[in-house]
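Structure first, then comments.
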Amino acid sequence: MSINIGLIGAGRMGKVYAQTLAFSVSEVRILALADLDLTTAREQADKYAIPYHYTDYRQLLARDDIQAVVIATPTATATHAQVIMDAAAAGKHIFSEKPLSQSLSECDHALAAVKAAGVKLQMGFMRRFDPPYRMAKQKIDEGVIGTPVMFKATGRDPRRTSLEFARRENSGGMILDMGVHEFDLARWLMVSEVIRVQTEGDCLVYPELRGVGDIDNVVINLRFANGAIGNIDMSRNAVYGYDIRTEVLGSEGSLLIGKLQQTATLVMTRQGVTHDTVPYFMERFGEAYGAQVRQFVHCITQGSEPSPTGLDARQATAIGIAATRSLDENRPVLVNEV
Amino acid sequence: MSINIGLIGAGRMGKVYAQTLAFSVSEVRILALADLDLTTAREQADKYAIPYHYTDYRQLLARDDIQAVVIATPTATATHAQVIMDAAAAGKHIFSEKPLSQSLSECDHALAAVKAAGVKLQMGFMRRFDPPYRMAKQKIDEGVIGTPVMFKATGRDPRRTSLEFARRENSGGMILDMGVHEFDLARWLMVSEVIRVQTEGDCLVYPELRGVGDIDNVVINLRFANGAIGNIDMSRNAVYGYDIRTEVLGSEGSLLIGKLQQTATLVMTRQGVTHDTVPYFMERFGEAYGAQVRQFVHCITQGSEPSPTGLDARQATAIGIAATRSLDENRPVLVNEV
Amino acid sequence: MSINIGLIGAGRMGKVYAQTLAFSVSEVRILALADLDLTTAREQADKYAIPYHYTDYRQLLARDDIQAVVIATPTATATHAQVIMDAAAAGKHIFSEKPLSQSLSECDHALAAVKAAGVKLQMGFMRRFDPPYRMAKQKIDEGVIGTPVMFKATGRDPRRTSLEFARRENSGGMILDMGVHEFDLARWLMVSEVIRVQTEGDCLVYPELRGVGDIDNVVINLRFANGAIGNIDMSRNAVYGYDIRTEVLGSEGSLLIGKLQQTATLVMTRQGVTHDTVPYFMERFGEAYGAQVRQFVHCITQGSEPSPTGLDARQATAIGIAATRSLDENRPVLVNEV
Amino acid sequence: MSINIGLIGAGRMGKVYAQTLAFSVSEVRILALADLDLTTAREQADKYAIPYHYTDYRQLLARDDIQAVVIATPTATATHAQVIMDAAAAGKHIFSEKPLSQSLSECDHALAAVKAAGVKLQMGFMRRFDPPYRMAKQKIDEGVIGTPVMFKATGRDPRRTSLEFARRENSGGMILDMGVHEFDLARWLMVSEVIRVQTEGDCLVYPELRGVGDIDNVVINLRFANGAIGNIDMSRNAVYGYDIRTEVLGSEGSLLIGKLQQTATLVMTRQGVTHDTVPYFMERFGEAYGAQVRQFVHCITQGSEPSPTGLDARQATAIGIAATRSLDENRPVLVNEV
């Protein structure tokens, strides 16, 4: 069984998905592509031999020969929830880049629409498909580290985002934008909901971020429903490289996920031993982008339920909203307050 | 110039200092030793050819031929501050194991006594003398990582302490007992005072600790006077080994201090690649114990001022008290509240 | 410009190239495929939507609409040289898996045919396209380690090959079969010809290999034309994983290429710290297979000269023959003897 | 039982042993010290409170109150064998720095003298007492890697030795001087004698060494009596640090011994991740020097037999002589030829 896919969005992430769908997912055909910018839409359609392209995604959704859509519209335009609702109404199965929405009510509306339409929805938390994280999850499930009691995560970007994107009305701000992956991992690896957060953070390296209301460094304490605890640190100034490390400490051991080295070459000189670092997210998670879409296609062809779900995305957003409020109000915030 | 030293306390840490003074500090002679237990005092005196031993440390302090004392009485008996005051009154230079006291007023009394007597006081934060930490401090001072903006620390013991020691009236509880080293590193490496703390923690692995009012896992957010932030995680259940890691992230780079491997042998079999871990603190910081006492002796013979100071110890205690209160009251606590 | 490719051979390596060409090389179309086994040919043609398939590769070569061929026939049938000659005669550009031939005179005939036909020939030494090796080559070229004086290589397979393949008349024996990659790296990284070899080796772990005239462990000393020295160790019993490590020591430093870890997850338990290993060559060099074919296509479309060349392959074979003779005759052997 | 020790030689290694005996071996007293240079002898005697010092070691040997001697005279004066014979004749137990002698007949005379006198002799192959090597030996003994089939060793100094020392009549040349530790490890870890060697080597970095007949880079193939094989590479130009790595590959796994990093601090900047290296042998094997002497003293007090023995030293020398001859004559050399 072959699936006809419509790709919505051909910007930074849209291009990632165009290439991923074209080259690493068998049994899939990108039948149509939509992007607000006609030139972009035409270029990508040409590049990957996609038969149809549109500037209005609703035209794409109107095609009966498309079974599923991949949504990769920009986070800053906050369109994921709206496009999901429209796609659900059109009866298409949906793969959507994160986040679902930075508004919990929008999240809930989108999830209701998906449920009502009876279509499948998988959210793009690609780290769950990264082999190091998959191995960690498996070891936890096997009981290798006993009962998980502490979650630790470091999530650092090598440079700041654009000032425009940094605004809360666009990206949700640093905690929501960067943190959503960490919050998803926390829930997934600890198999428990985050119920309380405590945030310390500030604008310490890029003063221009202060002007748009954002910060560049943050630490967030976590409390889980099962009693476990955790901490996430994030930074926009890991100038040495893209630094993603996660740790789960259990009663019988610990798991350390992540790597600092990209290329397996050590340079040894009078200055010491040196190796390079991971440049950015595609170098680190490129394979995982393919793996998650392969699973989505598999769920459609096999009739099974995809994961991470829309609810997973909603909960990650809720934690991010609570952590942002904790920063603003300088107090512990319960996730179910928001 | 040779120094005659009196060693006060011959228990776990006292034995460490007896060996350290006997074997790794030149120009020093242990002239006398005091321990409440006569058998212990006699055994250690015999082992290291120490001429005099006492059960009452005041007899040791009464000797005019002793210029300096090393205080290694048990933390649980909370005697450091009292012995420091007595030693200062006797005109002896003082090296004391941490902590100074778990009471800030006791800390202040002891520091006043030291000041009034005009003697030198060095506190036993041995990590400052550990080569990896020394290298990190030097790199920070040289500006290699730019402006430090985030402090991260992991401090984990391979097993729980005794239930008796865990009581707050004895050790101060986990946060004060284990955290005092982390709090000292935070102030030293960031060159700024910690002004606010937020704690999440619980008793998650050893339920018997709950009975004596202690916890076994904790995360503590930090806010520094210069705006920087940080987080410390600690655990009593790092069953895989003694796990001490510290990180300082700056505007131009980061420093990672610590190691997981004790013995430089990799075992490669069908089960993968395996190495051992660091068993406990002496295997990790054994050398640093010698280095700090060598500096103390050097400061006496050269007339220079030792460091870390009594004030350093007082401030580390203050952070610990604040972090414990944050745990108890579930709110951010300012260090100058306590 | 798009290139029509004919793929010759659809066995183990042929399947690798079918997938590589289909998924990771733009501007290429596999127009036809040939394999002696009709079922295999048909299956692969179906799987990758290849329009034509044959059991006789000469039919494929007869097509005018094919500009280039990828030769991935089995090493054991020693057909590479013959197919290269036929493809050259048909005017096709040629990418061929290693080895060229285990006979130097066959090598020379094939190279003469390529030269006479004026077609391009690139040999499949994929390691030259592996990022760690590329970085090493670049550092050497930049002078980072000064003058290279010693080449070290470890090449170990996780298990033995089949007894049939191990026979010298099939694979050339262990030294030629496994060593050809190491010999190519030696020449490429040291920028000098190997002129003398000394071999110690034996059948030490799999006695059944002795019956077919092969060995399972070997060390080979190297002498280069520029005076530099080297050593290669190879084994068929690296049961812990596929272990490929290379080192170049220079007058001003050294480069260590290779990795033992596949998945970036550390498991820390009472048994120590453990990570996995690299399973086999596709997990280690999978990306490089694509990169080398992309370069081949680029050379055709741009009219530039591909590398590694047929002469590179011939020289690697010559070193292997000399090292095998050194093993047989227990003496240093000059490469220009063979 | 306390042992009175006489220390013979107070040069570079003599100072190492003076400090080792003074600070890390209990139940031992350095009663006397001998060095040809009176000033050196007096200085060291003062520094470690050694009661007696001499310029003629025979005066030291004449003292009845000395039970054992530690011989640390310079390698270049080739006096170890002679002093051992004299010490044996005086009835002293003997610990001697390596090498025994660069002459096999001298080795044999010294061993005969020791045997005739019935005294104990332990040779200073300190690596056998280094924790990483001890762990490796234990894993081999436990069968963790099955049957050892390949020995690999890298032994590299960060700079060349003095030209005077490099002469064969002084140090024996690079192969004997640096290699003796590797040859000893080979025999010890593989539990088999080396029976054949093949050497490639040259003077490639320090042309001035050629003038005194020495080389600076070498690779040596090994063949063991039990069929196993091996290779040792050595260099005088590891300008990045002291680089000692050893590997034992077995039928069921492999052991990698050694480390490149001295201080457990990673520096992460835009230039990548960097750590330091091991400066030289005392930083790497300092502890092992103490451990070997403690075992020697233990063997005296307990009446047990010390190891490594004089025969171990003789065999390591024999391998070195054979490997040097292989270099000179460009052919495989049997160890029992020499």
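Think of it as A, B, C and D in the order they're written, each chain with its own count starting at 1.
Keep in mind that, in the parts below, contacts are C-beta pairs under 8 Å (C-beta built on N, C-alpha and C of every residue); 3 or more make two chains touch, one makes a residue touch a chain.
Note that the structure is predicted; figures quoted are calculated from it, not measured.
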Using each chain's Cα centroid, which is most distant from the centroid of chain B?
C
Of the pairs B-C and A-C, which shows more C-beta pairs in contact?
A-C
Between chain B and chain C, centroid-to-centroid distance (C-alpha), Å:
57
Let me have the rounded angstrom distance from the C-alpha centre of chain A over to the C-alpha centre of chain C, please.
39
For chain C, which residues are shared contacts with two or more other chains?
239-240, 252-254, 266, 268-270, 276
Chain C residues touching chain D in their complex are 147, 149-150, 152, 154, 156, 196, 198-202, 204-205, 217-223, 227-231, 233, 235, 237-240, 243, 249, 251-254, 330-332
Per the touch rule, the chain C residues reaching chain B in their complex are 239-241, 260-261, 266, 268-277
Taking the touch rule as given, give the residues of chain D at its contact with chain B in the complex, in rising order.
23-24, 131-133, 135-136, 139, 144-145, 252-259, 262-270, 276
